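Note that chain A is present in both complexes that follow, paired respectively with chain B and with chain C.
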Partner chain A sequence: MAELLSSPVNPAFALLIAGFLMALLPDWRQRKFVALAAPLVALWLWMQVSVFGSYGGIHIAAIGLDLQPFRFDGLSRIWALIFIIAAFINAIYSLHERDRVQDAMAAIYGGSAMGAVFAGDLLSLFVFWELTAITSVFLIWRAGTAASRKAGMRYLVMHVGSGVLLLAGAVLLHSQTGSWAFEHIGLETGLAGWLLFLGFGIKAAFPLLHSWLQDAYPKATISGTVVLSSFTTKMAVYALARGFAGEDILIYIGMIMTAFPVFFAVIENDLRRVLSFSVNNQLGFMVVGIGIGTTLGINGAAAHAFADVIFKGLLFMSVGAVMLRTGTAKATELGGLFRSMPFSAFFCLIGAAAISAFPLFSAFVSKSLILAAVADEGHWFVFGVLIFASAGVLEHAGIKIPYFAFFAHDSKKRPKEAPWNMLLAMGIAAFLCIFLGVNYGWFYSLLPYPVIYEPYTFVHIVGQMQLLLAAIFAFGLLIRIGLYPPEVRMTILDVDWLWRKPLKHLALWLNAISDRLFAAVENAIDSKIQNAGRSLTALLSPQGAFARIVPGGVLTGWAAAFLLIALFIAYLAKS
Partner chain B sequence: MAKASKPASKKPTADKNTSSGGADGKPDDGIHPAARPFLWLGSHGVQRNFMWFIGVLMVISIAMNYIKKPYGYFEWEAAIGGYAIFGFLAFTFAVLMGWPLRKLTGRSEDYYEDEGGEDDG
Partner chain C sequence: MILESIGSSSAIGIDALWSNAAALVVVIPLIGGAVAALLGRGRIAWAWAVLCVLASFILSLFMLNLVLGGETIGYEMGNWEVPLGIAYQIDSLNALIITLVSAMALLALLFGLPTVEHEIDPKKQSMFFGTFLVCVAGLLGMAATADAFNVFVFLEISSISTYVLVAMGAKQNRQALTASYNYLILGTIGATFFVIGVGLLYMVTGTLNMSDISSILAGMGDDRVVRAAFAFIVIGLGLKTAMFPLHTWLPNAYAFSPSIVGMFLASTATKVALYLLIRFLFSVFQTGSSFETAMFDFVLAPMAVTAMIVCSVQASFQPDVRRLLAYSSVAQVGYMLLGVSLGTAAGLSAGLLHLFNHALMKGALFMAIGLAGLGLGVVRISEMRGMGKTMPFTAAGLTVAGLSLMGVPLTAGFISKYYLVIAALERGWWWAVVAIVVSSVLAIFYVGKMIEAMYLHEPAKHADGSVMKVKTPVLSLIALYILVLANVWFFFDPSLPFGLAETAASALIGGEGS
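On to the complex of A and B.
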């Protein structure tokens, strides 16, 4: 008992309990206090764990169940910390909101993501995995629009489906190995491994499975989008790092993930959707690092996930501030907002510099680790695509977001600056973007493995500056000569078109056809039954044929005939 | 005789999300005080010519390759201005591909209207 009490407590519980508590608290001030306090308590619990290990395990010998809900090691440690930081910043960002459902769901969602990261067995992982899906969808639905309701349903189908695949894979794996442990899985485990891989891949927004992200995130509430960008995809990246590190296929999946969103983001008008494509792009870098699978690659993926939560959150926050004040995130309706929202513009520029990997900013360090890992393994083509994608990131997240929202043509909109709490949240995130880029030694100390890599060499800095400056120069030139595609209000189709249009219509058509078919069969059966009924009625009813008075001779004749037949059959049987 | 009551003031109320009037009585242009020193960033000339400033910086960064010869894992990384050429071409390619991609995938804004449209949400 004493051992149990002195055992470290899972920091995820702080957020989970806070979430359930907030659901019961009607007073918004109390809820906000809990929302701010919970990440601090989680951080304190996180700091109490000094030794790597698995704590609070539950073993039920009768059914051979061994649950490890709190595994604290190098990999889970860094992911948990960034989730705690994100929960705290997000709580500040949404201080002005008075939505009990969102407050509660955001906390439970963050706690579930952390719980998944600490899960040492596949069953615990499954529970938290599904809990993230169920809670996060409320952040989409609370936007209250018809589009958000439908997008939320599509999101839920994909994410619950991901959990089902996870569970199926876990059960299959258990039948093969006799263990529920969540360790390296690998695709060599066959169907079980593939099911788990696909389950993780849906949440990591693998190509062709990615559209839920661009579909749902831009339709969520303003703070909901910020919260969503922090947890789900990074949790999936963690799961891949834990279960499938070193799988070559991830290198190529990640490579595609970095490249294809670049093209879509160029022509997208909704800035929150642009950032959603950017989420995909940055996830690609992490997935490549995991696919490389060396200690440098895994460190790179972990570092980039950590940095991404902050700079991507910052960009979503700045666009959210614009949306709060102007009511839109459409590039066509924005521009010149730096005049009235200078602090939001400044923080947005810091986020843009961080995601673009300018020296002294966080991604310069984290992305370099991944690129070095790729180059070390001699993947020259993948390396080239990642450099291309780095220029692409600059285009859509580094330039497009701040330029079209805060600069470009003057939209004549003069909204108020964002509320103080939003500015504070953005300020903390901006500080961290620079802090991680400058104090990279501290950043390295959080990574799962020891790091021997110096990002700030003369040649590296010059090379990166060349890449970025040349790309910005190209932007200016293309704008000047009119070759940059102008922002246009339109819908850009993605892979989800397949099930939102043709498959939907096919389903509706099949439904209509089956309705008609069933109706026709039903009518046919009904008419047969009615005919039979009529015949029987005609035969047996009081007015029927059997009831009619017939001459006695006819009946005698029938009786004699039946008797003869019976005698004949009896004779045959006897002989 | 009872005074005729004054009609209610028709003074427009400021949108709660837009800047309120200046305290000094001057007409409010909605500019944030912290932004005033940077208003030149919004001028057409600055925005149009900003690229030349970046261009000069780019040339300087390329010239730095002569101070210390670049090196890298792959051959093109060791070329003078290799990253600048790659960055320029990559960016231009990504942007120019937007034209055919928009033709291919662009639809009217109410394309998904049957499900409530793609509104700001």
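On to the complex of A and C.
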């Protein structure tokens, strides 16, 4: 087969071309065919590359420009593969939808995320980086609500801004090194490094730069949220792994990212928002792995990104299925759905087990790489926080999502089971969650560096089970006692439950404050956008001051005044 | 005997043709214009105009070839020697401009017949093509001549014919008349400033030949009259170049004129004026003199940057497609002026490269919009909805040219913006790089608006629910695609414009700064 292609072709093109094609295809059957075929073609192209290297470089000697749009190495290989898998599963999941814009944009979005991962130079990276922003925003807008329109606008501002920071950093870096190559950058490059770091950080949802995620994802369309959760943040993690591996600051940023969403997620009522917080939390683990920067740490980040795309996608898919059938994702309005949606409930439980890192599930073999890397370097405090966060994952994602959606008190809702295509997509993802956890040898062989690590040791399994069972026991106990108001059924379980009340109130208070804070910030941004828009319109629109049709006399005056200025400058210039 | 003489005389004829190429390239369309006006029917006049412009184009290619070989073509009108007579001089700088103008004129004519038949009164069509030829001749003359006063003459020839051409849009939209009138007022002021400047120079140096002026100025000390002449010429030509804030005539003139005129002007008129500005700044006046540097730093560069941002924002607000493109043109002129005002060889060649590329992209965009207007009556962006289905080829061409305007890699627009960024960095002008980035992001918005309307919205449908299919004239489509492909071609092989721009820049600045 290999001789079919004279030189390797970038798999990203398969998705990009498919996306443009779908924008033109009026018939939904043809579109769905293309949507399913494109990831398969991409996968085939991906398999054709046997040797690591950079292919299809564009070199323009006249201006000394060297673009490397297709660099295939250990790091980009695994990220590209997970994007291909995600694109395929997402295509199945959205088979029942008839939205041309979403079909096209999802494919171009996935293709450009893959393009960014393959980019060997910062200019190509910038182009794909911005393309992901511009295309993904449609997945939010197509929800069609006023809230989604506003959130989409805020999302776009943040993400285009991130691209601008990236470009500014790239230009600065080029002036220092004379090269556009995208290799290890490091913060020691000064302002250039920090600009790039910040640009990556926005998309990776660093603390304080993260609000777009919880803001926009829950407001996107049902399949849109699933697609969004697969690409943007993982692409940013890739960029960090490529450019800033081993930066100590990342360890602490990642640590905060794993811990803080736990507090918000446990008391959040909108299950899609809970999962959005959980995105942050899982990203934190990857960022810590990158910050450690050892081969084990990078392997862990790559493995966890791979596993996360699947299990997080699975959870978003199951909540999406519930939302499709019941019209809501609010914990308070759901419950007892396992009676009529047994398959969805089953797949959701598998996703929950995977994200909670039960043995034999994917996160068990991927997260442990990161924890081992942290332990190897002796960051015990960080290690402790990560263990706490792992327990927190179990609470807010592992138990809360399936419990409130499918079990808990019976909401008396008896919706139909999810459509077959959603079940199929969830089934594939669920299979992969278990497959990766069991066949970890194959999984590890995909990682950037050789792995010498055995996840299924007695100590590790027992330790993990203790953590998980303790957390489940605590949860069961708290439910049993029945002391909890419905919207705060859980609390932080690692600490003595006597501290439950103060902690609960602290969490509630923090939540209220942050809700208000974010609402205020969102309002401020909205009104800034509106104000800026209004004053720009007043000045520059066709009705505006700058564009009005001015009488010739005024124009003449302008010209004369300008001539006068020019004359002054010519005269005043020192001879 | 007879045969022999015929043979030899025809050989002389061919020789004479080539040796007079510098003059003929201007004279053919000028005389041809008068003839075209006499040809009663539109189509015949069109065929004649194509013929004349084709001749000019071939001659310009011939000269381009000579210039690429390292020659400079000099020509003395009526064999009057240089300081007294009018001389033409073609070097790598204006060979590029002349080729560009004649090529764009040819493509405009190939593209424009259906739109002219649609937009212009049948009785006026032959006059229209005649005026068009005169306008082409004026622009070519401005580029070819080496005589400062002769520049003014051709400037007026091209301007007056342009006023007429713009006003011919009145059948479609009466606003063309006010647009033309405003352009007339401002254009005349610009030309007046310019001729005052030339007069002042003549007063000081006693000559009108550009290289002569230059060598006399070099031998003189600082002179206030020269400074005044400098300011007058820069502002006069700046007006014709649509330098911010003297651009107010441009958006309406482009938007309300007939499609073919808008397309031709957008890709040539400001370019030729900019060429003259470069010629005067770098080869007539002393490069690096204090007043020139001051003018760069305090007038040209700030105005260029303002234009890049303000006019891009303005473009984003326009519902009228051609006004959108016109505002974008003013912003793009900002890029070119920024390159010029860097005052380095790299900056100048970046500016020239962008001049060339911008002609390609704006020409293609205006063509596509002209076809959309012909097929669907498109004036506003909202009327472009679903063009991806109704006019797939036009829409695809428009998209590629739009991407080039944004400066996306794989299109020519990227090359010149990239090179401009590098040149600005060399000079250490960070704020200029920031402005380029901001303006490019704005370009994503306003081009994105068009692309979104074309591909993501359903087209208007017939009563039975079938999608309208619009037939597009084949010749027009060919012209459009020549430009679209050029936009891609000159990404992969920019050596032709780049080589000429580099040679010209280093000849003008003497390789300083790069």
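Side notes on the structure shown:
We take it that the second predicted complex is superposed on the first by the 478 of 575 C-alpha atoms of A that agree within 3 Å, B and C clash if a C-alpha of one lies under 4 Å from a C-alpha of the other, contacts with A are read in each partner's own complex, and residues count from 1 in each chain.
Criterion: a residue touches a chain if its C-beta (ideal position, glycine included) is under 8 Å from a C-beta of that chain, and two chains touch if they have at least 3 such contacts.
Just so you know, these numbers come straight off a predicted model, no measurement behind them.
Of the two partner chains, chain B is the only one that A:S340 touches; chain C does not reach it. In the overlay built on the shared chain, the residue A:L65 is in contact with chain C alone; chain B does not reach it.
Touch criterion met: A:L468 reaches chain B, while chain C stays clear of it. In the superposed model, A:L517 makes contact with neither chain B nor chain C. In the superposed model, A:L208 lies in contact with neither chain B nor chain C. In the superposition on chain A, A:I134 makes contact with chain C only, not with chain B.
When the two complexes are superposed, the chain touching more residues of chain A, out of chain B and chain C, is B. For the contact definition in use here, the chain B contact set and the chain C contact set of chain A share no residue. Put simply, chain C touches chain A in their complex at residues 178, 181-182, 185-186, 189-190, 193, 222, 224, 227-228, 230-232, 234-235, 239, 245-246, 248-249, 251-252, 290-291, 293-295, 298-299, 310, 313-314, 317-320, 323, 388-389, 392, 408-410, 415, 418-419, 421-422, 425, 433-434, 437-438, 441, 444, 448, 455-456, 467, 491-492, 494-495, 498-499.
Those residues of chain A that touch chain C in the complex are listed here as 23-24, 26, 58, 60, 62-63, 65, 67, 100-101, 104, 123-124, 127, 130, 134, 138, 160, 164, 167-168, 171, 174-175, 536-537, 540-542, 544, 546-547, 549-550, 552, 555-556, 558-559, 562-563, 565-567, 569-575. If you check the complex, the residues on chain A that touch chain B are 143, 145-151, 218-220, 262-264, 266-267, 270, 323-330, 336, 338-343, 375-376, 378, 380, 383-384, 387-388, 391-392, 394-395, 407-408, 410, 414-417, 458-459, 462-480, 483-485, 488-494, 500. In the complex of the two chains, the chain B residues touching chain A come out as 17-19, 29-32, 34-35, 38-39, 41-42, 47-48, 50-51, 54-55, 57-58, 61-62, 64-65, 67-68, 70-74, 77, 81-88, 90-99, 101-102, 105-112, 115-121.
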